[in-house]
Each structure stands twice: as structure tokens, then as C-alpha cells.
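Two complexes are shown next, each including chain A; its partner changes from chain B in the first to chain C in the second.
Up next is the complex of A and B:
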């Protein structure tokens, strides 16, 4: 994937050195900048250097920030990590409880209401939702701040007040990011639970005299949850690589915005670094999901050994 | 279940409504078509220079508005899919179809039309301003051109003025934000010609440049649907062909294509799309191609999986051993099985493409700069969120209804094709 990005970047029109100095103005300086970026060497040599750099974890120096790429990404990654983890936990817990609630009586009022709501929520694009939330909560009600991570006077605030400030700024982004995910997880989990409820072994368990609560807890949830985990893994990976739209709406310093800005300003080392990091994060979260699945369903390990 | 009006009645009544309300415009379109054909035979070179997309768009919609109701009435027996009762998604489909085909008939102004911005900018929905139409140039032109000026909506019109209020005595005076201007009416000396005064209504308000949001919404629907259909077509061709070859032949081609698709799936597609569009420019063609290419993995996996499982099915092996030719094997044994999941996938892909296109426009990378686009409208509305809620509400709703429609349509088709899922 990273190689693909590299090839794509180098065959594309446009020269990053043009951003800093025009060759018509000062050809010598332009040449110097090109040399300092390593852009004047032959493509093959650039490629070999590039691959060897990646394996040593050295992505070079960002053209835009004038800092090592790893350092730049580290700053942004911290925020993205916290942000997406909070949103992910909220998505999973809320959808889990809602699904349990609606499964209590399939096709009851609660179930039908939640089903309809989840379909509606799923269809709202995140930027529409985010802009509406800003409109309602920060323009009309003046309750929550509209954008950014902290207030302008954040420096002067004391410890606890500053945490509250962060918290207030995070509410709207987290809601925007989570609602769509809640809808997806809820629908998926509810359908799975429903399907498992109709399986013959459930009837059998009733026949043994087990209570509904016990059956749900011990037999149905573990069966229904394992397909969800792989989806959750993919979702977590995508969240880690940056909730681009949400970050743009609320002006948050996350990986998604960093990647897009790097792409737009032709900051090649930064683009490659961001791509690499998000690829790694996605692979890690998929791996975690697989491990968790194997932990729940021991048959998978047995299948692997055979 | 209670009897509700069917889709046919709904579509028919909407068409008739358009026909009645825009009757004069339709007649003008036909006259224009007549003069255009006449011009085509008398003066070929001028007529050839007149061939623009707008003109044919207008002709086509005027012809279709007559033909379509007739077709609906005459072929009511064979058009079975219109017989079912209206539902939310079918209404959305019909409305989108009408917006797509009859955009020139529905809108009253060009989506980029702006004049006298200080009067028209940021008007709330259902507001209207006075409009002065100068008629001085009309008689100088031939019948064809004066008709064309009436029918084809331009992004610029020299003979039109918007004003807050108009007073008519010896001179025609109009007010723009408190400033008073005057025009001489014909009959007086230094006449500036005749003026037609009317009111211009903005159904859904105007944006920051005084452009009519309703007509931007309608033309934005056109752009979104065109991009959606064309990219889904690319996805369909690419995904099904690759998936078919991978599944049918197997071997090294299969495994390498499979690895490739997994590689693409391991990376959020939106970044790849942004990367390619940022590098190669954001013309409408490149957006269609990029969005089309970005969706092939899902379809590839489905087609490949279906064909691999199909190859081991008994009935397929029987047909093969009976000596059925490859061609017939593909068309009569394979296609019916794989078409259902492919159709469902393509419908969801259509929604995804529309969402992706508007997200790109929202980020300023889509077609928003060149053509009106829902995402671009929301993006520009965000800066005026404090005093112009209509700028984001209507494109947001349009986007929501379209996506909701594709989702529910996809789910419903999935249920129709898969009898095991109970509703």
C-alpha cells in the first residue's frame, strides 16, 4: 500500500518545492530546496531510500512543519487515540444496551421505534449531523462551544476548569462521531440476537427449565456477539486513522485532518507517514478483533491448529 | 393493509401538475424547437453553433413531459412496478427522477444566476423581491433568439434587475437597500424601453451570492445522480469482470487479485480518493472515475465468493458434465444466482458514492466549485450558520432523503431475494 502511495505521489503533476520558492525568481535556491528534499535524485534511488527508511521508522522531515514526520504524527496521534477510543466505547456500550432492550420484545413498540431511529440515524451524513448539532447547541441554545479543542483563555484556567473546558469541547464531536456507529452496531447486534433467539437450541434450553434471563446471558449473547467483533475491529481501525469529516467540522487536531492537509500541501513524507501509521493501526485493530474472537469462540483456535 | 394511492397515480399527478403550472414555458419550448428545426434547414451554420447541452436538455424535458403521462396511461398494464402503493422510498425515487429529467421545467432560474447581490443575498425561504425586466432588446433580435432568451436560463441576464421596492410615476424608481435609482419609461424622452415588473419568488431562499437555493438543489441532484450512476457503472464493470475471472479461472490470478483487494480494503477509501483527486485535479470526470474505482473491492469479493461456491454446487456440476457449453453455463446457470447480491451491492454502492461525492464537495475537493453540489452548499452554509439556517437545512435534507431511500431500497431488495430473512 505504501509503495502504491509512493508511486502515485511521484507520477502526479506538481512539485512541492514550488511552494517555497518560484524557480523563475531564484533558480539556484529552488535547486537547493529540491536537493534538500532529495527530489533531484533518480526515482529508483529515491524508492530504495524510501523503503529502507520505512523499515527503520524514519519517515524523513515534513516539508510543511520542518520537523521529523514521526514527531508531528505523534502529536496528532495522541488526540486521535483518545477521541476515537471514547467514541468507540460509547458506540459499543450504547448499542449493546439498546439491542438488549429491543430484543426483550421483538416487534414490540421499543423495538420498532429503535429500528426506525437507527435507520434514520444511519442515513444522516456526519457532516450534516455535525453542522446541525452546532446550529442547535451552540448557535441557538448557546450551551456548547462550536469548534476547537479548548477556549481562548484556556491557559489561564485552573486544572479542574481546564478539564471541564476540554470536556465541553468534546461533547459535540463525540456525539457526531458516535451516532452513526451506534446505529450500525445496534442494527447488526439486534439482528444477530434475533437470529440466535430463533435457533432450536434456545427452545431446548427453555425445555430444560432455564429462565429467559439466564439463556440470554449465557447462550445468546456470546453467540450473537462474535460476528460483531470483526466489524467492530474494522470500525476501530477506521476511527484510529482519523474521523476526517468530524475533525474538519469541529476544527480538531486529528490524524484525518493532518493527512488531508499533508495531501493538499504535497508534503510527501508526511503523507507516506500518515498512510503507513493508519495502515498499521488498522492491521493492529483487526488483529485485536481476531484475538478477541478466538478468546470467545475456542473452536476458531482448534480450527487453526487443524 | 389499507388501500393507498399507487406509485402510478402519484407520478402521473406530479407530471400533470408540472404540465399545468409550466404550460406557457412548455409551449415556448416547443416553439423554440420548431424555430430551431426551421433554422437548421435554412441556415445550417448558425444552427450548428446553437447546439448546446442546455438547449437539448430543454427540448428533451418538454417532449418527455408530454410523452411520459401518455406512456403511463397507455402502458398501465405492462408497467407493473408502478402498481404498488406509495412508500417513502418510492416517493423519493419518483421525486429524484422528476428532478433529474425535468430540471429545466421545474426551476425558474439558472443555478448560478446572480444579480444585485445586495438585494437578493441570504433571503429566507418563501421570500420574494421585485423584478424589473427590460424589454428593449427583444424586438431587435429574431424570433428564434428572443424565444431562446425566454426559454433558456442563463447564468447572467443584462436586462434584469432586482429591487426591494418599486415606485412607478413619470419615471420608474426602484430601491436597493435604501438607495434610490430611476429608469425612464417609454413615452418620455430618452426612453430606455418598456419594462415588465413582476415578483421573483425564492421558494427555499437564497445563498450568500443571491443564488436561488431551490434551483441549486435541483441541479445539484442532477450532478449527484449522474456521478452516482456513472461511477456505479464503472464499479459494476470492474468488480464483476475481475471477480468473475478470478472466481472462474482460479489459480494465481485469483490469489493475486484477492490480495490486491484486501490491500485496498485495509486503508480507508476516503483518504485514497482525496489523495488521487488532490493529485490529479477535481474535474467531474476524474471524480466519477475515482469513485467508481474505489468501490470495486466489495463487488469483487461478492462475485468471486458466489462463483467459487457455485462451482462446487451439484446442479452446476451436473450441467457441466451434461456438456452444456461455457457460454450457456454462464448465462443460464451463473447469472441468475449472482445477479441478486450484485444488485443489492450496487444499490448500496450508489448511496455510498453520493455520500462520498458530497463529502468531497464539503471538503472543497468535489465538483462544488464548478457545479452546484449538495455537499458544497452545506460547506458554504456553515459560515452563515448564525443567520441563514436554510442554507444547510435543505441540502442536508435532500442528502438525507436520498441516502435513506437507497438504504431502505437495498434492504427491501435483499429481503425479496433472500426468503430466509423474515420481516
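Up next is the complex of A and C:
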């Protein structure tokens, strides 16, 4: 993957040293900086150097930050990891309970309301939602901060006040990032639950005298949730790659912003580093989802063994 | 308790608790919060490449002299800073500066002539690759453009320094204004690795502010150095640069009072902000202009008559009114009207006159022979692609207007946006035939890079414009001292460019700065919105 990205970057137009081209700067400076980036060497030589570095876990030095790529990514990854995980847990939990609420009476008032609301939430672009939430909760109600990760003087706050400060700063971004996901997961789970409810084995279970609660817990949910886990694995991977729009609107230091800025400024080593990390996280997320599916439905393991 | 009751209680508690938790400390009496769209990459003056970084580092480090914008002359006025006075020798090749002896670095070391010499040394060192590299042409230089320290500097005591310049190089105070660096800090490191120094090394400063905290991607917090000779009691004590990438969030936070100042307010938001009584708007007349560039080397645009026709055909007034809300001025050339003495007031902007444009094109042999609505000459249709960098709504709007305007005179234009990086590369490598872009005129004005025929010296002459008279004038300007002669030369230069119209000069763009009316003594000039902000105070 990283080889593909390396080649793609080098054949695409753009020059990282153009940032240093300005009437106020000496024209020779851009050339000197280009040399210091090693971009004056033949592509083949750059590629061999790049590959040998990759095997030692070295992605090179970022052109923008002038620091090792791993160090730069580490600073952004930590936030993205926490932020994505919180949002993911919220998405799964809320959609789960809403779906259960919905299937209590299919086509009832609650079900219809949730169905329609989920469609609306899914259709709202996150940049509209983010700006709307800022307008309501920051500008009008003055309840929550409009952007940033913390207040300037958060360091002078006591432990609990600092946690509250972080918490308050995270509310709007987490809502913005999560609402769309909640709508998707809800819809998916609700339809699955409805489908499983109508399967003959459910009627059979009633015949055995099992209560509705028991049937739902032991048979319906495990059957309905399995396909959702695959989708959740993909979604978690995407979240780990960064939530660009939310990060930009709320001024958050996430992987999405880092990756896009690296692409725009042609920071080749950083682009490769970000892509690599995103790829690894997507693979891990999907692997976790598969393992979880196998844990819930043992037949999958049996099938694999057979 | 039922789940519904639990839920209701939680909502109630949050509704009461949240408003009390929101940190409303931003409106402190001695604190000013300035919004910036992106974090700084470096606060080290060696590598502060962007305008924003330069503005911030100027608050952290002193220079020998300081510049102030003089509105009445339309030029900069230079006054003492780290140097308390100076004297030039008779032929202006040597300047003797006496430094203040009351300037301390944050770690207690005195600022001396050694720091000044060291600063020029590292700024010009090719190994360092600083933003000033290659700009010391008036100094005695070694082959690699490193300043020859032996020939250039003399210092017989810690607070006196003599700087020698090359004969006939016509030096000025702007040549000695880079920020001064602490020798005792930087000399401990390998120069080749200066660029990789951790951010903590930016903390030994000597300016009116010091770096209190840098939260990457979030905020840069400066505090006033009360020991600085520039500090005055009652002025701002804390200056916070808050990173807010999203424009709408910046506006919201300005309205909320979370930030005190933001730049580049879009014209359509001005009336909203003005309606809030506590927001003031300062429209700084621009030194940034947009232009439509024509590749002068290709047949289509090689004739000045054709380029003049194109300017006549573009309704620049419409863009200025409709998009910029009249927050700007029509441009006649590359010298901004703010440079009052150098600006040629006799030149009047080209009118929007499609008829005249048609006549000019007809006189050059362009006519619609096959009656398809597009002009032809020698079997070639007047058709081209107008490129611009995508993601810039102003240029998108202008491109659409230009396309429609030129179609009306029989010129077929395809407006095509390119990704910023691709656009820049193609523009700088002269691969575009027609494009929309903009320039910011440096202070003091230097037009040689933009219009000189020799592309080695005129590396920003992207249209490949050639005019020997212009070259002569630019050479003379370079050798002239600031004053009436130089201003006269600039006026002549503008007149020729006005006639040749190597590009269609479109409009100068005002920088609308909005700020909270609790800020006092604030003066926003073309030198930057936070320039000399150590004089600002906050209303009690």
C-alpha cells in the first residue's frame, strides 16, 4: 500500500518546495530546501531509500513539521483514537437501544418517528449540523464552547474542573460526529431485528413457552446483531482515519485534518505515514469485528474449521 | 425511580450545571484573544515563513529598528528599537549603531552586538536555510551568499556595532531589520539542525511579549514581558492566538465574545457584525490585488492591444460590487493606492467598455468570419482556458464573470479550476496560458521580481513580459534612495505597465478586521493586524 501511495504521490503534479517560493524569499532557497528533502535525487534512488527506511519503521521527516513522521502522527493519533472511540461507543449504544425501542411495536408511533428522524439525521451533512449546533448551543444559549480542545487556562484549573472543561469542549463535536452514525446503525439494526422477529424459529420459541424477553435476548439479538458488527468494523476504521469536517469546524487536532493538510502541502513522508496508519487501523477494526462475530456466532468458527 | 424520571433528572442537572461550567474567563481585562485560521509551524524567526508567523515572532524578538505605517505619506516610518540611535557615514556604506544596554533575554543574558552579528551570520548561512537566506545582497558576501562577517561587521564594545555595505549598494534601514537571535542559545546547536529544534527553544526571547504556552493546533499564548522597555503599565498583559480553522466558527466566536479580533471578514458578514454594537470594523486598504494573467509569449496575448481589449471587456466593477461589496478599489497597476507618493494618480481605471474592446480586437485583425459568435484570425479561433486555484469563491466568481464578459465580445473562455498545488506548480513553471491569481505587494515596494525581463531576476514574471524601458526603470529604482526621484520612477513604470497591460489588473482587496470594542489604542495598518499591539489596552 505504501509503495502504491509513494508512486501515486510522485507521479501526481505539485511540488513541496513551492511553499518556499515567494517574492520576499530568495529563489535559491526553494532549491536548497528541495535538496535537503532529497527531492533532487532520481525517483528510483528516493524509492529505494524510502523502502529501506520503511523496514526500519522510519517514515522519514515531515516537510512541514520538520520532525520525524512517527512523532507527528503520534500527537494527532491519540486524540483521534479517543474521540473516535467515544463517538463509536455512543453510536452503537444509542442506536442499539433505539432499535429495541422501535421494534417493540413495528410501525407504531415511536417506530415511525424514529425511522423518519433517522432518515433526516442521516441526510444532514456534518458541516451543516456542526454549524447549527454551534449556533444554538454556543451563540444563542451560550451553554457550550464553540471550538477547541480545551480552554486556554485549562492548566490552571483543578483536576475535576479540567476534566469538565475537556468534557464540555467535546460535547458538540461528539454529537456532530455521532448523529449520522447513530441513524445508520439504528436503521440497520431495526430492520435486522424486524426481519429476525418474523422468522419461523421465533414462533417456534414461543411455542416452547419462552418469554418474549428471553427470545429477544437469546435468539433475536444475536441473530440480528451479527451483520451489524461487520458494518461497525468498517465504520470504526473510517472514524480512526479522521473526521475531517468535524475536526475543521471545531478546530480539533485529528488525523483527518493532518492527512488532508499533508496532501495539500505535498508533505510526501507525512502522507505515506498517515495512509499507512489509517490502513493498519482499518484492518485492525475489521479483524476485531470478525473476531467478535465469531464469538457471537460459533458456527462461523466451525465453518472455517470445516 | 423509573428510567424516564432518571432521564429527566439528568437533563435537569445538566441544564443547571453546564452554564456554570462554561469557562467565561476569555473576557479578562488584560487579555486579548486573536483568531488565527491555522497554527504556526514555527515561532523561530529563522523559519517563520508565513505572514502570520512573522507577525507573531515580531512580538517575541526585537530588531535593531522598527517600522510603523505612516498613513499620510503612505509609507513606512522607521524608528529605534534595539538600536537607540545610528549614524551613516558620508557615502552611506557604513552605519554605526548604538544599542540599548537595558535589554535582557528571558534567561537574564544581556542583548549585545555579538547577538546582532550572530543573527546576520545564521540568517545568511546556507546550511540553515532561513527565510532571509539570499536576501543580503547589499552586504559583503562569500561565494555561497553567506555574509562575510570580517568585512561586514565591526564592534569595539558590546553596545556599538558598525555594519559595512558594498559600495554603491544603496543600503537602507530595512536591510538591517531581521529579528535578533540569542547567540548563547543557538550557538549550542548544530546549524544544520536548527530547523528541527524543539519548540521549547523558542522561549528565550527579548521582545515585548514572551511565549507562555504553545498548545499545538489549539492556541499560542503570549504574555507581556513587564521588564521590556516597550512595556507600558495598563497595556495588554496576555495575548492569545486561538487557532480556529473554520471561518464560520471564527465569526460565531467573535459574536460570542470568545475572541476579540479576526481578520479577513467576508463582505457579506460586515453588516451583521456592524449591527452588534460591540464589534468594530477596520477596513485596511489593501496591498493585495487579483489579476488575470495572460501568457505574453503566445500569439493570442502577445499584442498589448489585445490585452488592453481584454481588460476593457471585463466588468471589474461588477465583481467589486457584487462579490466584494465595494470593499476594494479597481486596480490600474501593481502599485497599491496606499503607497500615496509612489502611486500614479493620473492613471484612471479602464472603463468597462465592450464596444471599445471589440474595436481594439478588430484593429488587430480579429473578426467573426464564420458567424459562430467567436472571433477568428488567420484561421485560429480566439479561445483559451482560464485556470484558477479551486476552493477560492472570489476567484470562482471572477472567473464566471470574466468568462461571460469575454463571450460577449466573441472570445471563447473555458474557466477551469485546478487543485491549489497543481495550479501553483503549473503557474510557476509557465505552463498556463491564462489564469486568475493575486499578488501581495511587499513593504517597501519591490517590483523587480514581477516585471523584469530576465527571468533569473524576475522570477515572478510569470507572464514572460518583456520591455527594455521597464527593465531600465527597475534597475534605476533599485539604485535610488527612497524619495521623490524613486517615486517618479515608480510612476513612469506604472504608466508603461498601464499601456502594455501585461496582465489585466483587476482590484485591490481591503482586509476587513473586526474587533471587540473593548480593545483600545488599537491601530490596524497594512503592516499586520497585531503590529505593535503591545500598545493596545483593554477597556475596564
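Observations on the model:
Here, the second predicted complex is superposed on the first by the 294 of 306 C-alpha atoms of A that agree within 3 Å, B and C clash if a C-alpha of one lies under 4 Å from a C-alpha of the other, contacts with A are read in each partner's own complex, and residues count from 1 in each chain.
In the analysis below, a contact is a pair of C-beta atoms (placed from the backbone, for glycine too) under 8 Å apart; a residue touches a chain by one contact, two chains touch by 3 or more.
Just so it is clear, the structure is predicted and the values come from calculations on it, not from any experiment.
On the superposed chain A, the two partners chain B and chain C do not both fit; they clash. When the two complexes are overlaid on their common chain A, residue A:139 makes contact with chain B and with chain C alike.
Contact with neither chain B nor chain C is seen for A:294 once the two complexes are overlaid on the shared chain.
Within the superposed three-chain model, A:244 lies in touch with chain B and out of touch with chain C [touch as defined at top].
In the superposition on chain A, contact of A:284 is made with neither chain B nor chain C. With both structures placed on the common chain, the touch criterion links A:210 to neither chain B nor chain C.
When the shared chain is aligned, chain B comes close enough to touch A:128, but chain C does not. Applying the stated contact rule after C-alpha superposition, one finds that A:119 touches chain B and leaves chain C untouched. Which of chain B and chain C touches more residues of chain A is settled by the count: it is C.
When the shared chain is aligned, chain B comes close enough to touch A:275, but chain C does not. In the superposition on chain A, A:259 makes contact with chain B only, while chain C stays out of contact range.
One listed stretch of chain C collides with chain B once both complexes sit on chain A; from 9-17, 315-323 or 459-467, that stretch is 315-323.
Overlap of the chain B and chain C interfaces on chain A: residues 13-14, 131, 134-135, 139, 248-249, 264. On the chain C side of its complex with chain A, the touching residues are 18-19, 21-23, 25-26, 33, 41, 47, 49, 126, 129, 131, 133-135, 145, 195-196, 213, 215-219, 221, 240, 242-246, 248-249, 252-253, 255-256, 258, 419-422, 424-426, 428, 439, 442, 446, 449-450, 456, 459-460.
The touching residues of chain A, counted against chain C in their complex, run 13-15, 18-29, 32-33, 36, 61, 64-67, 75, 131, 134-135, 138-139, 142-155, 157, 164-165, 168, 248-253, 257, 264-266. Per the touch definition, chain A reaches chain B in the complex via residues 1, 4-5, 8-9, 12-14, 119-120, 122-125, 127-128, 131-132, 134-135, 139, 238, 241-242, 244-245, 248-249, 256, 259-260, 263-264, 271, 275, 278-279, 282-283, 286. Note for the complex: chain B touches chain A at residues 263, 266-268, 270-271, 274-276, 278-280, 355, 358-359, 362-363, 375, 378, 381-382, 385-386, 389, 392, 396, 399-400, 403-404, 407-408.
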